[in-house]
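Chain IDs A, B and C follow the sequence of writing; residue 1 opens each chain.
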Amino acid sequence: MTTRELTCVVCPAGCRMTVTLDDGGAILKIEGNTCSRGKDYATSEVTHPVRTLTSTVTVTAPDGKKMLPVRTDKPIPKEKLFDAMAIIRNTKAASPVRTGDVLIPDFIEPGTNLIACRDA
Amino acid sequence: MIYDVLIIGAGCTGVMTARLLSAKNVKTAVAEARCDVAMGATCANSAIVHAGYDAKPGTLKAKLNVRGNVLMKELCAQLGVEVKNVGSHVVGFGDEDLPKLQELYERGAANGVPGLEIIGRDALRKMEPHVSPEATHSLWAPSAAITCPYGITIAAADNAVTNGVDFFFNFPVVSCARQDGVFTVSDGTKTIRARYVVNCAGVHSAKLAAVLGEHDFPITITPRRGEYFILDKAVGNLANSTLFVCPSDRGKGILVSPTVDGNLIVGPNAYPIEDGDDRATTAEGLAEITAGARRIMPDVPMNMAITSFAGVRATPNIYDFYLKRSEQVPGLIHAVGVESPGFASSPATAEYLVGLLEEAGLTLTDKADYIPTRRPDGNHVQFNRLSEEEKAARCRENPAYGKIVCRCETVTEGDLLDMLDAPIPAVTIDMMKKRLRAGMGRCQGGFCSPRVAVLIAERTGMGLENVTKNGGGSWLVTKRIGEE
Amino acid sequence: MTDKKLIIIGGGPAGLAAAVAAVDRGMDPHDILVLERDSEPGGILNQCIHAGFGLHRFGEELTGPEYSGRYIAMVRERNIPILCNAMALNLTADRRVTFVSPETGYTTLQAEAVILAMGCRERTRGALGTPGTRPSGVYTAGCAQRYVNIEGFMPGHRVVILGSGDIGLIMARRMTLEGAKVLAVCEIMPYSGGLARNIAQCLDDFGIPLKLSHTVTQIHGRDRVEAVTIAAVDEANGRRPIPGTEETIECDTLLLSVGLIPENELTRGAGIDINRATSGADVNQFRETSAPGIYACGNVLHVHDLVDYVSEEAVIAGTAAADRILGKGGSIVKSLPVTAGDGIRYTVPERIDLTADPEDVRIFFRVRDVYKKVQFFIETDGGEVLVKRAKSAAAPGEMESLTLPAEKLKSLIAGDCAGIRVYLKETGGKAQ
């Protein structure tokens, strides 16, 4: 039996949680969460941690190059953050772009998209 | 081409000398190791136009300080640089300080300093309500003033360029040869040729003398570092005039003074250092200044410090400035060991050096079309120094003056563009800062420095990755993200 | 340009939300002017590209540009005029606003109400007095954030961060993702000033060490930062560096995330009373300052941990300003100062102005230290407990609040209560 201490990153409350696992890695107990999303986070974190990635891509607009903020519309596997960054770094967008526009469909994971976070 | 005169070092002494020569029918060049004028002691000192009671009578220091005090105020008026005649007090604590104050009074009288007076506790406290209650006397010197030393040096340099002086920046002199009466001075790759050379290299001047061909040069320089704090403008009015502590064996002691921009300056200490370019502050030094400042002004709010810095003085192994024609190299003039009051003296030192050039054989006649202002069209006044009506008019003429870039010091895009277009174009963050105070306020450039950098990059076309804080290797950013 | 009924200084999250609230309260949008100093509205959110905004306000997690984008859209829908590149230069207590912009030039307008929404600035190296040289490469975290997220340039390769404020933590992750090596985050306090979730997802995720009770004691490098010396500090001795614990880290960049200061130069210029604890104006529950008709909200009033609370506060100020202009507000029958008692650093509001028919008042506050279990109290000067609430953990980095119900307030009108106090009692000892 092992325990893991986690800080929930779902909301700014940052609850400290303790997850108890059996020797096979199955979850026996989750304590310290104050909502059900915390429980989901803890489950995901000990089995398959994911993160929402935010970054920027270069967008060419009539008045020159600018940075366009982007994010994944779903969390992606934590271990793939740097793979995702390598793709984002080489991504260029062209104006006009609207908030929510999909820049790269099926980004890293099927069904996950890289989307624009503002108009440009 | 062969210049008539090459000045090495663009501190206040070198620049003031270049400016005087620019009014004459000679061709003058200035070689400066760094990227701007006023990069050494001129940009990091107490910013005081000393009255001239400190130097021993009969010395060059004494003579040039007293004359420099008068000339500096005239020059500031001519070039549109602010100077405030705030006066100074040397504050004594108890009767044991009285003999020293008396000595300074007598020196000042002999040096020709006007208006000196020793005043008592009540008169002092009336003039300076925040001075320590333990202060008992002061030597009041009404002719002492405050200005911005690098501000007037930059203005003088612009004025010199306007009248035909050439500045060579990033030109550290590493070798020199003299043949047929012409010096060829090199930075390792480029050369400048001139008939006369003036060594104004500040803390490096004694070492430069050897490069310029002097053997067994009699002067050595010990760099002495002094640390300072600048306090927020909100407390700039705690001192009405410059307050010195009655001097001890180690320099003039720690002072508290208003600055011409409305801040309070506190410092310096004085410690010998090895490297003349080492301008690091230390925790001990800053603590020492704090303690020293509290002695003269017990309620000085050090928590209102907005920045600290250190300057390096070029202290020679003799008492006086060493301003002389070389005995070994014809056509070479030295301005070595010009420490405090080097700035206050500089307009007079420049006159003296020009005199030495004439003695050495340089013929000087007045230039008919000399322009007495910073630029051919006058002295550009910064937006935040204008009256309300003038501000409104300026914005109507050019909307760029309506766009504030540095919000702490109210510096507009128009002001920045003016400086990019100045006789000496401002192409680094610190050049803009020294000329306009952009980034010198409460937020210390946190807000405006990226904006200033982008403007410089766009207008010069140099790319943001090539904009520096202060020349040399002081890069700001590495590369555009996504471009390897 | 003609005089406006309501001038809002600042077009960031506070100013935009206040403008929207004023219109929603019944004001004609053309009687309003929002002055924004940048070239577009949105304020600092435009460079805060990370997620974590809007959970309270919109029930979903947005990035900064998305959060500000929603408010910009609301302002546009309501046709509220925003003047960009406009910097307010002066404000008087009788609500004359002088500003400058390329479009309008140098202008002074009279307003019936003014809302201060100028935000805050970052504390700098100068304020810390960190000794050493003055090379390039020392940036406030927000300045570095602008270089990376707006200009698209990296401010360095090897980074040490002083201070564990949220922007510093966010930048540790951001620069790591962009290929920089963040070597350490030093925090002079024994606890972090940032949110726990940011320690987890910005530092722990990337193995970046957080060195609590450590500070930077010296900056090295002539042209560019070459190294910094860090040292442990002695909690018992004024957090002075402990000799012998120094460690020199080679790096080219030092980021500072050492606190935010409300930007109240205009406020001070107008002679408005400032609270020493918040560095913002003293306000009543309507966020009205000591100058009648001048309101303040957002980070210019006190530094918030979440933008959601900024928007909430801006609604209060925008609504109250509209009420004043529309002649809706009730007259004040009694004024109660609110003081910060044991364990409380400050409260906002600092006073409650009671009308005959008061509404609920939510009192925001920050605690002084890190606590495990606490009880919060609102008590009258006569010792009557008005509100009491237990909480499992409290830290200075997170804003707390208690709501004073309308009926309790109403009961204070007639009595001899002359002020109320917010305080806490520890019930579970201090946290680690």
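Assume contacts are C-beta pairs under 8 Å (C-beta built on N, C-alpha and C of every residue); 3 or more make two chains touch, one makes a residue touch a chain.
In this text, all values refer to a predicted model and were calculated from it rather than measured experimentally.
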From chain B, the most remote chain by mean C-alpha position: A
Closest chain to global C-alpha mean, per-chain Cα centroids: C
Computed distance of Cα centres, chain B from chain A, in Å: 54
Centre-to-centre distance between chain C and chain A (centres being mean Cα positions), rounded to whole Å: 26
Between chain B and chain C, centroid-to-centroid distance (C-alpha), Å: 39
Residue numbers of chain B (touch at least two other chains): 480-482
Numbers and ranges of chain A residues touching at least 2 other chains: 56, 58, 67, 89
Residues of chain C touching at least two other chains: 148, 150-152, 178
Contact footprint of chain A on chain C as seen in their complex: 46, 49-52, 55, 61, 63-66, 69, 148-152, 177-178, 195-201, 204-205, 305-306, 398
Residues of chain A that touch chain B when the two form their complex: 56-58, 67, 89-92
Residue ranges of chain C touching chain B (in the complex, touch as defined): 37, 85, 87, 89, 100-106, 121-122, 124-127, 129, 131-136, 139-140, 142-143, 146-148, 150-157, 178, 217-220, 222-224, 241, 265, 268
Interface residues, chain B side, partner chain C - complex: 229-230, 234, 277-283, 285-286, 305-309, 388, 391-392, 394-396, 399-404, 407-408, 410, 412, 429, 442-447, 449-450, 454, 464-465, 468-482
Sites on chain A touched by chain C in the complex: 6-14, 16, 51-56, 58, 65-67, 69, 71, 78, 81-82, 85, 89, 99, 117-119
